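Shared chain: chain A. Partners: chain B in the first complex, chain C in the second.
== the complex of A and B ==
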């Protein structure tokens, strides 16, 4: 693929402004925001389950205006620093975004599921800030939605390749665009001033070797993506489980018994999340926002 | 160049209005859609906001509340544009905290003058800290004086950051500024949620802040400020220093010393009923309390429990 074309895609993706949010989430949060007893933490918990709002929140807190460029890597810290009013306004401004379609709900579930696995693994490995890792897991596929929004005709070609030639989404992206959603997500994260601790796991989640300082976190996201796809929770655009990176496997250094325990914990945690998904889907059908 | 966000569409209908403002160097961002206006306000805040009443249902109420509610941005003037019938209906300024109003039809000349007036007025009353945008010393003294005569007992709280000076030396002033801003945001957001409308937050300068809240809320607020600070703090410290539990830097005498991680100390002085006559007495008690609370390890607050003071 010639550089000019890549550059054109890159510019288009860089201008990504509006990412679609689930109206179900927005209407739930709007209700919460109107209730004077709602705490910032409660809203944070809901936002922490939506990869688009999470990304928007991190973009805002790391923007030059708020004064913490490339510093804030977890949702709870972002909420403490932005405060209730700004979080509420973010929700108001989110309600104009295009409504997600069915397949986007699947990607939403995949992102949330990946964050759950990341949290289990990061906690287990004694990583210093497990929330940071699950935040990275939550937004790891942000590039996919940006491609869909900004390059709709190319996206159409990509999904056709996935459908007709049974390719993986990533291989189809490479064929059509000469770049994949991980790279695209990395540009977004960079343009939004997100800290390296989030940027690298997003842009290197298919190949942790590419990470300069965040190899371990990238490896955790990489493996969590594989686990959640293997479990069939949500859908990330194709029904293929990505190849396991050797480097990631070395870094994680799991024994088979570890995997059993991880899966058990993941199943347990997904159970809670499933309740939330159902709630959101119910909101979705009754919701008028969007 | 001043940027003006115009939420609405009617006011710039006549091209000469727009041209005359742009000729004066104002940059206009027009949003005819309320949600977009909120988005612009948040992500790329303007220097001045003009809101047209009724341009988007009741949506402009939300926008004004967002604009005046973000405590960091309280110095952005808000102008409201009204029609004759809306004026006749009356307005509750508590619900719509704007700085000035304009009656339709608005001429280009009047609009320009109103904008300039709003800017001039803002510069006149502005004693805010340039970094945190919080009110400065004059406002703090006024607020303390007001608290002394309040019908409910208030608590005047003096906050400072422990080990800030060596932190600043070690990490550089630009990161030091980030920490100052971080603590301001933590305090503002906690109080905003717990005791909005009945409180005051000021920035003395450097790593010193004052907040005043109703006494019955002070424990809840101090606990929350300390907890939130602890959650966010480590993002501002290198991982190796977090592991070591401190950082190594020269002290005031030039000796290499290990300092503890950043923490905050809050000295709390309840104003009681008629316990103090003027703000100077509060400041004197505060300096004793500050001394005590800073002597404690880590982040703490101490509430002054004395009922009365010797008259010296």
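== the complex of A and C ==
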């Protein structure tokens, strides 16, 4: 591939003219969180100003998707009970949900399923704030959406290669663009000022060795992607289970019994999130009509 | 297990999941065999779906078990030399067969 062409694709994906931006509230809250004088009430108030976002956040918190044991009815109790980092990931999830659900329902299903597996594995491994890993799982394929929206004719060529030559989406991306969705997703996450804990698992989910600090989280996303593709839940562009990274397997170090338990928990949870959507508007309309 | 419409529920089917009220309280625990009066009660309470053991209702266009197993094998076709993934595949197949009552 010519370098000039590759650079052109890079620029298009970096500028992301057609992709919605994350709500300004995310960076505002990040700034507030860095200030030790910020109180829970102040933060709750800022989130509460955007009532649609606040409603989505509470819906997400109380869904089977995250599955917190008690019912949480206000933003400030969410902050107190879950901690600010978790709430921030939830806001990112709630915002990205919308972008993904609108663009590609099958890919969104895949991402949602992947996030469920991430949550099960992260909790099992005792990772601090497993919700952050779920959020990373939810957005791991965001680069595919970026390619679809910013480079539509190249995207068309990629899907044709997948269909006609039975290539994996990633191999087809490499052939057409000279880069893959993981790299593109990493740029997007960077543009959104997402923390490294979210950025690295996105850009390194096919090869956790590339991560500088978040190898374990990247390995969790890597294996969750394999599990959810194996289960055939949603559709990520092609239907092949990708190769297992040796490094990821070293880090996870699962025995067969672990796999059995993970599958059992995942299948139970997937059942609950089936059809889960943050589409609050539709519900409001139908309840007024009904 | 299978999620079905309460309208499709028949006496003798066994609940595979708790039936919850709108207030998130357990109305009827998993393992309970359904009776006509229970089903009627669920319908009155606007509980539209229940999850039951096995796979009693087949919907049109639904794949058969051998078709599903074949799909799973196809998805794993490129990783047949990776022992942990082969184990994962076999386990997914086994779980599916069991959930279909076989």
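Everything that follows uses one rule, which is that the second predicted complex is superposed on the first by the 188 of 290 C-alpha atoms of A that agree within 3 Å, B and C clash if a C-alpha of one lies under 4 Å from a C-alpha of the other, contacts with A are read in each partner's own complex, and residues count from 1 in each chain.
Note that a contact is a pair of C-beta atoms (placed from the backbone, for glycine too) under 8 Å apart; a residue touches a chain by one contact, two chains touch by 3 or more.
Note that this is a predicted model, so its numbers are computed, not measured.
Of the two partner chains placed by the overlay, only chain C lies in contact with A:240; chain B stays clear of it. By the touch criterion defined above, A:271 lies against chain C but remains apart from chain B after alignment on the C-alpha atoms of chain A. Applying the stated contact rule after C-alpha superposition, one finds that A:40 touches chain B and leaves chain C untouched.
In the superposition on chain A, A:261 makes contact with neither chain B nor chain C. In the overlay built on the shared chain, the residue A:8 is in contact with neither chain B nor chain C.
In the superposition on chain A, A:60 contacts chain B only, with no contact to chain C. When the two complexes are superposed, the chain touching more residues of chain A, out of chain B and chain C, is B.
By the document's definition of touching, of the two partners only chain B reaches A:82; chain C does not.
By the touch criterion stated above, A:232 is placed in contact with chain C alone, chain B being left untouched. Of the two partner chains placed around the shared chain by superposition, chain B and chain C are both touched by A:71.
Shared interface residues of chain A (contacting chain B in one complex, chain C in the other): 71.
Looking at the complex, you find that chain C touches chain A at residues 1, 3, 17, 24, 51, 71-72, 74-79, 82, 84-85, 87-89, 91-92, 95.
Across the complex, chain A meets chain C through its residues 71, 226-227, 229-232, 239-244, 249, 254, 256, 259-260, 263-264, 267, 271, 274. Note for the complex: chain B touches chain A at residues 33, 35-36, 38-39, 41-45, 62, 66, 69-71, 177-178, 181-182, 185-186, 188-189, 192-193, 228, 231-232, 234-236, 239, 242.
The residues of chain A lying in touch with chain B in their complex are 39-40, 60, 63, 65-68, 71-74, 76-77, 80-86, 88-90, 92-93, 95-96, 128-129.
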